[in-house]
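Here come two complexes built around subunit A, the first alongside subunit B, the second alongside subunit C.
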Partner chain A sequence: MAQAANVSTAPPVATKKKARIGKYKKWGYIFMIPFTVVFLVFQAWPLIQTFYYSVFKYFWSAGKGAWVGPEFVGFDNFAALFDLNNVNILGLTWNTIIMWVLGFVPQIIISLIFAYWFTNVRLRLKCLGFFKTVMYMPNLIMASAFAMLIFAIFSDIGPVNSILKSITGGEAFRFLSYTGSTMALVAFMNFIMWFGNTTILLMAAMMGINESVIEAAEIDGANSGQIFWKITLPLIRPILVYVMITSLIGGLQMFDVPQILTDGQGGPNNTTKTLIMYLNQHIAAKNYGMAGALSVLIFIVCAALSLVVYYFFASDRSDKKSKKRG
Partner chain B sequence: MKKRILAAVLASASILGAVSGCQSKSSTSSGTSSTGADSSTASTSDATSSEASTEESSQGGESTATDGKLTLKEGEGTVLNIAVWNEEFKGHFEKYLKDKMPDGVTVNFLITENKDNKYQNKLDEDLPNNETADADKKIDMFLFEADYALKYVNSDYTLDVKELGLTDADISGMYQYTKDVATNSSTGALKGVSWQATPGLFAYRRSIAKDVLGTDDPTEVQAKLADWDKFDAVAEQAAAKGYKMLSGYDDSYRTFSNNVAAPWVNDNDEIIIDENIMKWVEQTKTYTDKGYNNKTSLWSDAWSADQGPDGKVFGFFYSTWGINFTLLGNSLAVKEADGGKQEVGNGGFGDWAVCYGPQAYFWGGTWMAGAKGTDNATLVGDIMRAFCCDAEFGKQFTSDTQDYYNNKTAMEELAKTDYKSEFLGGQNHLALFVETAPKIDMSKISVYDQGLNETFQAAFKEYFDGTVDKDTALANFYKNAITKYPELKQPA
Partner chain C sequence: MSNKDKKLEHTSALQQNNVDPDMRAKPGLLIHKIVCYVVLIFFSILCLFFFYILVVNASRSHYDIMTGFSILPGGSFLTNLQNAVSNPTIPVLRGVLNSLIIAALTAILSIYFSAMTAYAIHVYDFKGKKFMFNFILLIMTIPTQISALGFFSMCTDWGLRDSYVPLIVPAIAAPSVFFFMIQYMKSSLPLDIVEAARIDGSGEFRTFNTIVLPMLKPALAVQAIFSFVTSWNNYFIPSLIIDTSTKKTMPIMIAQLRSADFLKFDMGQVYMFIFIAIIPVVIVYFCLSKFIIAGVSLGGVKE
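And now, the complex of A and B:
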């Protein structure tokens, strides 16, 4: 690139070209205006305000019908978030992480298997397009609609309980009254919704592996297990890490599925309440101080994770884009 | 081939969507004029803010003033915006008021769901700007419930009904408690009126009462349910025969919460849990552990199913609208939407009766208020007069809907006739309402009732489920209550 520029900048043409670049340069800025304006108004300014209000006591008193504050309180809001007598965010973070892990582990395993099968030319699978479409399908349904569907299916008088009752003859199993089963349902939904997406990402990574490497391994006598563990996995590691980190960030922002499934309660005993669900409660109560403080903490964690992704890829120069979450 | 498969996949996806769509529809329809009334989980949580539906009063008939039409005063707006939280009033409006509307007036219903204070928050957002809002965007009239009535009645955002043209004579027939709810605490001005009074009763299934008690006669059943000890005894008898006394945890809640000794919140902004509410906790825990209830929650599918043709639940605490609207709808084997008729033989129709139950209470009720800044003051006043203050209309209304009209003399007169409800097996339940309605005491209401009642029920559901102990449930209640109302405190 630099060399090419040098070649073309022979003295007589140079000034002319520079002038032309100068003339066109303003268009670059003009084209940036829409994004910049939207970013400043809808992202940067609210972000600044969020940080600002996080150190204020500022809420709508629904009882009195009046605003309270804003009154500067320093880090009181943050202290309240870590207060163990409160709905504290350590517990909420734990809930969020557990539900993410429960969904992510099966998801990455299944996705790896499918991606490996789908890209393996020796298996000669048929109707690949169909399977890929079907696997991606759950992601097209709105998460809230999907959660409602699961809610109806697993309700006390839903079809699952009808089957259970006819087998055991006992009482209905009340899925949403137990931490384990509620978490399992949330994890299951996240798994179903996102494994197709992850499969397609991993397939892209696996298709990028040079076929000759695998052929060479085969000639050397490697069996398919060895090829998978020693060749495929190490070569797709960057994408694997990318999938994992975007999924973790998406997982930290888990909201719609548990919100709808548990009717916003995050029950039982707040064990399926996620960070964003708690944030939503504060926003519903128009408690901008606490909501701001919670947002700032989530922002810091997500920013840290994003930096990890950034530095991981800075060396790799890969700029594959995909949806957040996995 | 590929295309066909894709089509099949897409079709199945849309069926999935349709199934979940049905779910939301059926659950929203269960909400009526009451507090817990929206609960159906799924449809709600998606912050649905407001959806406007437009009803043009397109009656092109003669516009002479003598045909009973309401007045559109010269210079007043032609768009009437009514803020509501469900379709109930819209239904009444279409049936009784649409034809009377003056020509050229467009009526918009601005619907915001009730749950988690969403409706209140929407009003709180819009009302302060109402005077300066665009003429066609102004809220002219809004509906409210007892649970948060004080907030608006004590504010400047509601108009004195006298300013809207109502006279003392217009409101003289109303039940006192319906006026107390809507009276400004400091000025004494009446800020809203209601077309209904909502005394509560205990509705029981006649066939089960016969089986358990040997009689389904309301007077005799009442004698056996007259206080909580007797009620518990019947619950035990019912359980022995394989029935459940109540459906869920929250069924009896209002009978306790309406009889509290003090409001939810004291002068120091501290949340006070009344002794009577703790009695509800004890009773419900006992019922749950002994299998006297079905562990459902108000407005859930399972709860509605318990009122259906195959329900094994002895009875439900319901007030006026609940009996004629919710219970009746749930009891039918073939729903009206599927072509079912309200007649004996269709599910549980005719197999129900009502009695006073162990404690007097009320549930729900809807008031209407004129919003400050309205450009339709005359029309709003006319609607109030036509719909809430007309005794003759009230008799008609009650006969049509079995709702209980807010006019003491009209209802007493109607109760003395051979009025009877086919749904209740020919019982004249009006006579019971006439008896209990004047006893309703609204002096312990507070602005926090809706939010705190919802939060308390949700927190203690987990205790009844057995997932947390009582102290944890209490702690969770305080945590969630203070999240919902940051100004409140847990008493030290």
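And now, the complex of A and C:
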């Protein structure tokens, strides 16, 4: 058809284009089919079911050996999640957020410093490739195996305690018997696993800053501290927001590390149990109603945070366009 | 990816040209540099330290490990390996094989179909294209855990429990891989090539498979690595879906190791199990790190 159009006296461009679109647009739909079908079956439908279960009393009673329900109960499951006499969602959210903050604050500080050093024109550090490679490495490690490794190293009979015992001569320090030390271990692992990733992202952002802005500031007599706080930081603020929100979403999903470290108990006394660990417990016990309600609450929070990330990308795209134009 | 590299080279070239002789002489700068190196080396050691202990302890016998900490490897590596591999309660080789199969298939499906989806949106004009793009962007950061309950109950209803289908097939709809692919296409897939293929009489499907896919190789490679590793490390969903011990993947076996009565175990074996789960990925990583690091800074989005 294209050839025919070439041979005939040139048709108006608009109709030619329209004809082209008309001919090929069905392929756009065809190529979208696999994604759409799989998304609907394996993500959308399960999500709808999850919402459905959240308003039903529906669980497997091991004692009776039978399902109880489904019986419509409205928001009873949600009310049960906020029951302060039990393991409740406020406590779980608190545990999750505290462990996230303990890992994230040092992570963002260290990453900012490293990214600043790596991109600093005056410092001209060598072996950047090596440092980046080593620091990113923990990000690709199997989180569950890493947690098991840390468990082995910090266990009562592990190397850390054998060193401690040889110094103090006393008893082993039971790291997992205290909330503080358990949380610290989880936060430390999260820090080690993610600071390299964040450093690389912030580095990419800092390299995007126009050199001449910084040079101008230098000529005006700004010292390196002023340049960092007054120029670099404000200019990479969008990326900082993005890093923070995606890290928070990741933090809310915290599961592998505390699950393996505390053997699914979230001990001592549920003080290190995260939201997803609790969800996992309910799903594994086939407690569909409660698991549904918990999922819905986590979904609402994550969806709100995702909207922020979405607008970040939306604005990012328009930025790029204007850059090209300019 | 190559753009960033070029940028980096560009800046370092700039740096070399702009060296101010006064700057070099400043002793303050030298001290600053030394501080930087000390801190960077400290954190590098911190990253490697635990894995070094892992390697050391995987090569020591249970008795050696119990007597105390050592900085040097022992001579029991092969004994531990043999014991770990022949342990009947945790069929580790089966676990490695299962994880390999699932991760490899996941990676292939994920990159192929994400490229296809991205191609549909990048090349064709159709109704709802903008909506689909924005929709995929919107769901990119929504975690899979929140629909895990529905996923679990659906797999139970459809007889997919204990099967690999629910672990592999969902990889076809991978929003973050899609996003990476479409970004890559925007920068390095000119539409003229598609047009030229059409004039040469190539069908749309053939154009995608034989002309477009080879052009996307760098992006496909990076995303294949990420998809593979994500699947290899995945614990949450497989632990809900898989029940039979011979079908279990590595992360589930690690969890089993944790639940087992720890002190009764041969510690050399425990470290060896962790070694098997971690070290292959580390080795592959160090071989491909250039690719991977460039991919991270380009994509901006991983998980």
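Methods note: the second predicted complex is superposed on the first by the 300 of 326 C-alpha atoms of A that agree within 3 Å, B and C clash if a C-alpha of one lies under 4 Å from a C-alpha of the other, contacts with A are read in each partner's own complex, and residues count from 1 in each chain.
The rule is simple: a contact is a pair of C-beta atoms (placed from the backbone, for glycine too) under 8 Å apart; a residue touches a chain by one contact, two chains touch by 3 or more.
From a predicted model like this one, the values you see are computed outputs, not experimental measurements.
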Subunit B versus subunit C as contact partner of A:Ser177, first or second or both or neither: first
Which of subunit B and subunit C A:Leu307 touches, first, second, both or neither: second
First (subunit B), second (subunit C), both or neither touched by A:Asn86: first
Partner chain in contact with A:Arg122 - subunit B first, subunit C second, else both or neither: second
Subunit B versus subunit C as contact partner of A:Phe255, first or second or both or neither: second
Contacts of A:Gly63 with subunit B and subunit C, given as first, second, both or neither: first
Subunit B versus subunit C as contact partner of A:Gln265, first or second or both or neither: first
Touch count on subunit A, higher of subunit B and subunit C: C
Which superposed partner A:Ala285 touches (first subunit B, second subunit C, both, neither): first
Subunit B versus subunit C as contact partner of A:Met135, first or second or both or neither: second
On subunit A, the residue positions that both subunit B and subunit C contact, one per complex: 129-130, 133-134, 137, 140-141, 144-146, 148-149, 151-152, 155, 157, 259-260, 263-264, 282, 284
Touching residues on subunit C, where the partner in the complex is subunit A: 4, 7-8, 11-12, 14-15, 18, 23, 29, 32-33, 36-37, 39-40, 43-44, 46-48, 50-51, 53-54, 57, 66, 68-69, 113-114, 116-117, 119-121, 123-127, 129, 132, 134, 136-154, 166, 169-170, 172-173, 178, 198-199, 204-205, 208, 229, 232-233, 235-236, 239-240, 250-251, 254-255, 257-259, 262-263, 267, 270-271, 274, 277-278, 281-282, 285-286, 289-290, 292-293, 296-298, 300-303
Subunit B-facing residues of subunit A, complex: 59-65, 68, 85-87, 127, 129-130, 133-134, 137, 140-141, 144-149, 151-152, 155-158, 174, 177-179, 259-260, 263-265, 267-270, 278, 281-282, 284-287, 290
Of all residues in subunit B, those that touch subunit A in their complex: 2, 5-6, 9, 13, 16-17, 19-21, 23-24, 39, 41-46, 116-118, 120-121, 124, 151, 155, 265, 295-296, 300-302, 305, 446-448, 451, 458, 461-462, 465-468, 472, 475-476, 479-480, 483-488
Subunit C contact footprint on subunit A (complex, rising order): 2-3, 21, 24-32, 34-36, 38-39, 42-43, 45-50, 52-53, 110, 113-114, 117, 119, 121-125, 129-138, 140-146, 148-153, 155, 157, 159, 162-163, 166, 192, 195-197, 200-201, 203-204, 207, 211, 242, 245-246, 249-250, 252-253, 255-256, 259-260, 263-264, 276, 279-280, 282-284, 288, 291-292, 295-296, 298-299, 302-303, 305-307, 309-310, 313-314
